[in-house]
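Same chain, two partners: chain A is paired with chain B first, then with chain C.
Let's look at the complex of A and B:
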């Protein structure tokens, strides 16, 4: 068989064509497959890089948090050292860490070399850092790179996040029936018991009890001196003791980095502990930065100082930034602008003087002219004939012998004259005048008269609402001669729109309802009108404002308190239903075994953290807020007892859950670290 | 002739095997690509939720908030970064931002990687009521120092006053995005609404793009379910992603509309209520 060359060529062409087609199909498939392979590989690699990056940022957060907690604010050098060199964790072999850094940033997110303090809307301070990580890997189709950022934020998480926060022991010993619906924390020991049966003291399931030292149901020191009758029962834990009671690490300091600055052994009076919160700094001594940042005195928008009985008729003059006059000084700071008229309004809300009228001689000196003889005695000598003689002989021989003669005599002669003289004559008269004396109330616990200054919140609130730049913090003190001077907050039913913190270094009395929505009719508050569990603590339509009272000690006076009865027997000091919606931050007295002045030595427990001075039998004290016990009382140190001091109220006490999301003006945190926004660039 | 026939037969066989192999390979690639793309859509949704400004919100196909614990869609706040510092519209700090204000000067640092806001973006402000403001207009205003500043107006007034002279009024920017499963025949498609604004209509096709189609529900499970998971709230996305009905792959190459299916369960969010700071 023969084949032509043409036929042989056709077969070859056909085979070549088929091979070409096959190669084209294979190439197309290869392209599609390799493209998909690159996509798949890239996607998987970026996922891996993202996951690793997030892990590195969490590592950075942990290192930063520990450093801040232990050593206070960190600058950029310190924070970057936390995640560089040997401190940088290993990553999978295929990845490289291009950058891992932590830097302070300012309010605009720009990197700063030092920590930048900013204020949030409640004037608690905030420090923001930014952790950034860039990771790189190589894979099919080239290099992948991922950059992630996370904000690290120190914010004020105040100790008002629970029902009770106690720096000292948390003690409850045979309290009247109590139900606690909020967290309890103590940096020391917890001694919790009840006297009648376990059901008398109940911790609801949402109440966690955390302690640092020890936990037991024993009587605190001195408590049995007060009452040793009956049995100590453990309280009832709704969800069980094991799930509600826990030992935890100490939550120390009040404000970031303060705990590490505290030192009671050196000579510096500005670093002695949590009480610095309410103390002004002592001049001439270093005020450590972290403590200075926490002082309410430094952070307040208004400083009100009283140095004696206030005379509101005196003019206020502006000097060194403060309006001063009549024993009061009002100073705006931290961005608050204050006019003379506003200062006068604020002064009108501060009163502390009893005014009595006395007859006072008001002299009126008048000059009077008169002729006055002005003597001029002159010694004058003159010859004076002195007649003298005598008879001699007798009979006819008797005759007169004349011995008369001239003698020189000296005499004084007034050669004076009349002259015109001017004299001052008092033609005054008695007129009635006001005498200012600082008023006092008798404190049965302290056993003495307490000089007191009233702050009328109802008067000051409208002024504060219009005060430009006011941050909601008033620091008020009485620098008069008494160490036991106190501030009394009155008429506090309605607070400024943005909330109010009132702080003082001395004692603080709060009289009547506080933050309930009415200043005129306590009975319009449901918890006063018909006290019962869950009765509203405000009048209808009123939303409680952020509120805190901060002092060396806080005494709660009822709506019915009368100053004139303060020194009378306890039965004469009858209370009435009263409601407070505020955080109370104050000092405590530790229980001691042996009391004095006939008192037991027991601290009274946290149920007596707000100090009472009236007979509350049949009356209720309703409270919604948080109790914070941060330091030992230094000025109001009268020991607790019942007796002639008070008869306890029916306590309807609740934790205000709004405090979970509210930051109270000027109340710094015991530490609050937040992992902020995570973003991928 | 015999040799020609032999070569042709062998060639035909080789060609047949080759084309069959190539076709099967292509179909395999198509399956993988289609399946991967479908999965990628859901993964993308999960990632967006993880980096979002806040927790996802369950919504109905018309955008209304879902009343129960299940839904066909979710609304996400896709974080666009910050911080942005808010001041009064005149840029001064000596006047307060009044309640109800709708015009603000917004300052930001481009050096810190913060971009200018755009119409339809939203801001979350750090104030007591946590207001969320939607940007209506943006006017370029230049620079102040190293910072950029713009004047924005918002569709709603700020519900509380703010005091930029006393404290920093900070906002973070985000864009609302919605993802909604919509039934089409036997299957469901996933719509993405890239910019949800107060004026947007969910039924308008210009408001969305179809991310992928051919999804089925996983058994009787709803698309999105809010549950309590280990003591915290969580939102699950459960779906069957089908590698089909993607015209660019399935129809042109294989002509088949059903290839493989892949069950997917993604935990979109897991959080405590309220989100706790650590301390």
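Let's look at the complex of A and C:
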């Protein structure tokens, strides 16, 4: 076929065009493939940088946590030293750490040179730090850089921010009917069951149960010795178990830096655990700074020591900063100023002496003479005729042959005699005398007469309200010879305006209403007059004051308690409706597998945390506050489970929501470390 | 009556049970009007204060049920006349029995009479016999009044400690707690005796 020139030119142009298009496509494909390669390399590098960065932030968290735990709050210089220089960990060779830092931040998130205390919405003090890391690497297409940040949060939680805080196991085993309306936390295991039906033990929807170890409905150690009949029913959770029961990290210590100082294996008695909170430091041994900072003894505004029956007629003299006289010493510290007149007023509120008839043995050694037979055995020889003989022969010839004769015989004869002997005999007698002695009450749980010192809060409160610089903390102890001495808080209806914490190393009895607004008429408190779930726990117009009672063990005595009945049978110790508005911080007993003398070994559970000694049948014990169990009781360790100690009250126990926003005088916080959210810039 | 055994591992000390049997005749001869004490052990289940049933062990005195618990790590036997407790691993024993006296015989005023009675149990052949001053209220539980005596002596060369304690219970009867132990174990044995007695309580009291 023949073509024209014009046609040939068009074909050439078309071919050229196609070649150009093909080249463009190839070029575009080349360019696209090359970019994807670069992007893939970059993404992988950034992932590697991010992974390494997260590891560095975890490293920073660990260093920060240990430093905080050991040395308390850290400033920016200290925290940055944790992750700089030789403290900075190595990274892969192709990476470079541009920056790794830890800095305190304020409430707005701005970096600060010092730690800044902030607050979460209502629960606790919060110290926030920011760990930041920038990493760089190079690769195809240039440099890659990643910056990551993570918040490091120390949350300082007063243990009174829930219904029950327990360092040991949290146990409830077949208690009388209970309704719990508040958070429960244990740093150990939770064993929670009821013996009648699930409805007998209810956690209201606002009650969260958090535990560190394990959770179950099994019987605690020794509990089946007490009662093995029936079934263990799980409790009722109003909002469901899955939403109310959680496993959480440990909340430990009695203040920042305390837990890491604890060591029960060394010889230092000042670092043995949370109980240091109520103990004075033992002189001659190191008192670790963080623990010393948490001791109520060190933090108290007033130290009151009794050493025997108080004699108020003795003068008070000021010596070494303390007013002392008549077996009592009152010392102001931590900015509290105390005059002699104020000291005398305070002493008048502290009583512990009785005149008691005491039987004293008065020996009377007398010489007693008595006739005592003193034997004298002698050998005596004597001639004795011995008859003998025999027959011989037979028939008429039979006759007797007599062979009798004298023989010499020897025998022993007592030739003793009575002699007069003198011995010394005590023929003394008991002589009754009236003596000034320390008052005691019989504690049916401890099975002991407990030397007791009363602190009349109604008497002391006006004085405390006028005491310059007083911080609301009284530490009181009895250094007398008894290990089981106790303080008793009486007449505590109205507390000082700024609140009151009373702490002691021994036992603490609280008699009658506390922080209810009246010292004279318990029935004017609605929860006493008409106990019910919604009854007010104060008289009209009274706002509860910040209040805490802190001791080795806390015993609740009703408004009707009488010392004279303390050793009588339980039916003679009749209680009456009583209301307490306070935090109770006290010791616990661990359950053991077997007790002695018929005791089960079971601790008695949370329901016996405040210890009762009366028959509360038909009576109520209304409580609004928080129970805090931080340490084991060392001095008051009697078992709870005879039938002669108490009959339980109707327990109206509530968490006082005012404690969510209140800081109780002298009560340190337990703490927890949290890794906050990770952000990538 | 036939002694009950509270443990399969119980061993009976003949001497101890014979000693327990002794006071019965004295009581019968001295005062037939005395409130009866029968140490025979009974059991019952009663509702515990928190709700569930728990088992109680008790004996009867003056018509009241005296609840007690078995000491841990001890062999425990009883008959009508008293209890015998043999602490495991210790060289000693504890007897609880009726008293030949009554609470009306004031402990302080009649201390010498009580001592004279208590001294009768000192074994013949004891040497280096020493009696300490009386102790007022060695068992200070439940509002009880008590009076105690302590003898130390050597028996066949072994140093021994014997205590005799008269206790007025709140139900109006008097019991005697006697401990006999090698001197080295005396403190531990006496501690067990005090713990055992401290746990007594009157049901419905």
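To be clear about the criterion, the second predicted complex is superposed on the first by the 440 of 681 C-alpha atoms of A that agree within 3 Å, B and C clash if a C-alpha of one lies under 4 Å from a C-alpha of the other, contacts with A are read in each partner's own complex, and residues count from 1 in each chain.
Everything that follows uses one rule, which is that a contact is a pair of C-beta atoms (placed from the backbone, for glycine too) under 8 Å apart; a residue touches a chain by one contact, two chains touch by 3 or more.
All figures in this text were calculated on a predicted structure; none of them were measured in a lab.
S.K.: Does chain B (first) or chain C (second) touch A:662, or do both, or does neither?
M.R.: It touches chain B, and chain C stays clear.
S.K.: Between chain B (first) and chain C (second), which, if any, makes contact with A:635: first, second, both or neither?
M.R.: Touch partners of A:635: none, neither chain B nor chain C.
S.K.: Now for A:426: first (chain B), second (chain C), both, or neither, which partner does it touch?
M.R.: Once the two structures are laid over each other on A, A:426 reaches chain C alone.
S.K.: Quick one: name whichever of chain B and chain C touches more residues of chain A.
M.R.: B
S.K.: Look at A:469 in the shared chain and tell me whether it touches chain B only, chain C only, both, or neither; answer first, second, both or neither.
M.R.: first
S.K.: Of all residues in chain A, which touch chain C in the complex?
M.R.: My answer: residues 174-176, 195-196, 226-227, 229-230, 359, 361, 363, 426-430, 432, 442, 444, 447-449, 567-572, 594-599, 607, 641-648.
S.K.: Help me check something: in the complex, which residues belonging to chain A touch chain B?
M.R.: It comes out as residues 1, 7, 11, 14-15, 18, 21-22, 25-26, 29, 32-33, 36, 39-40, 43, 65, 105, 107-111, 118-123, 149, 155, 157, 251, 334-336, 468-471, 660-662, 669-675, 677-681.
S.K.: Show me the residue ranges of chain B that touch chain A in the complex, using the header's touch definition.
M.R.: Touching chain A: residues 1, 4, 7-8, 11, 14-15, 18-19, 22, 25-26, 29, 32-33, 36, 40, 51, 53, 79, 81-83, 85, 94, 96, 107-109, 111-114, 126-128, 146-147, 162-163, 165-170, 172, 274, 277-279 of chain B.
S.K.: For chain C, which residues count as touching chain A in their complex?
M.R.: So the residues of chain C in touch with chain A come to 46, 48-54, 56-57, 67-73, 108-109, 111-112, 131, 133-134, 136, 140-143, 170, 195-196, 198-199, 201-205.
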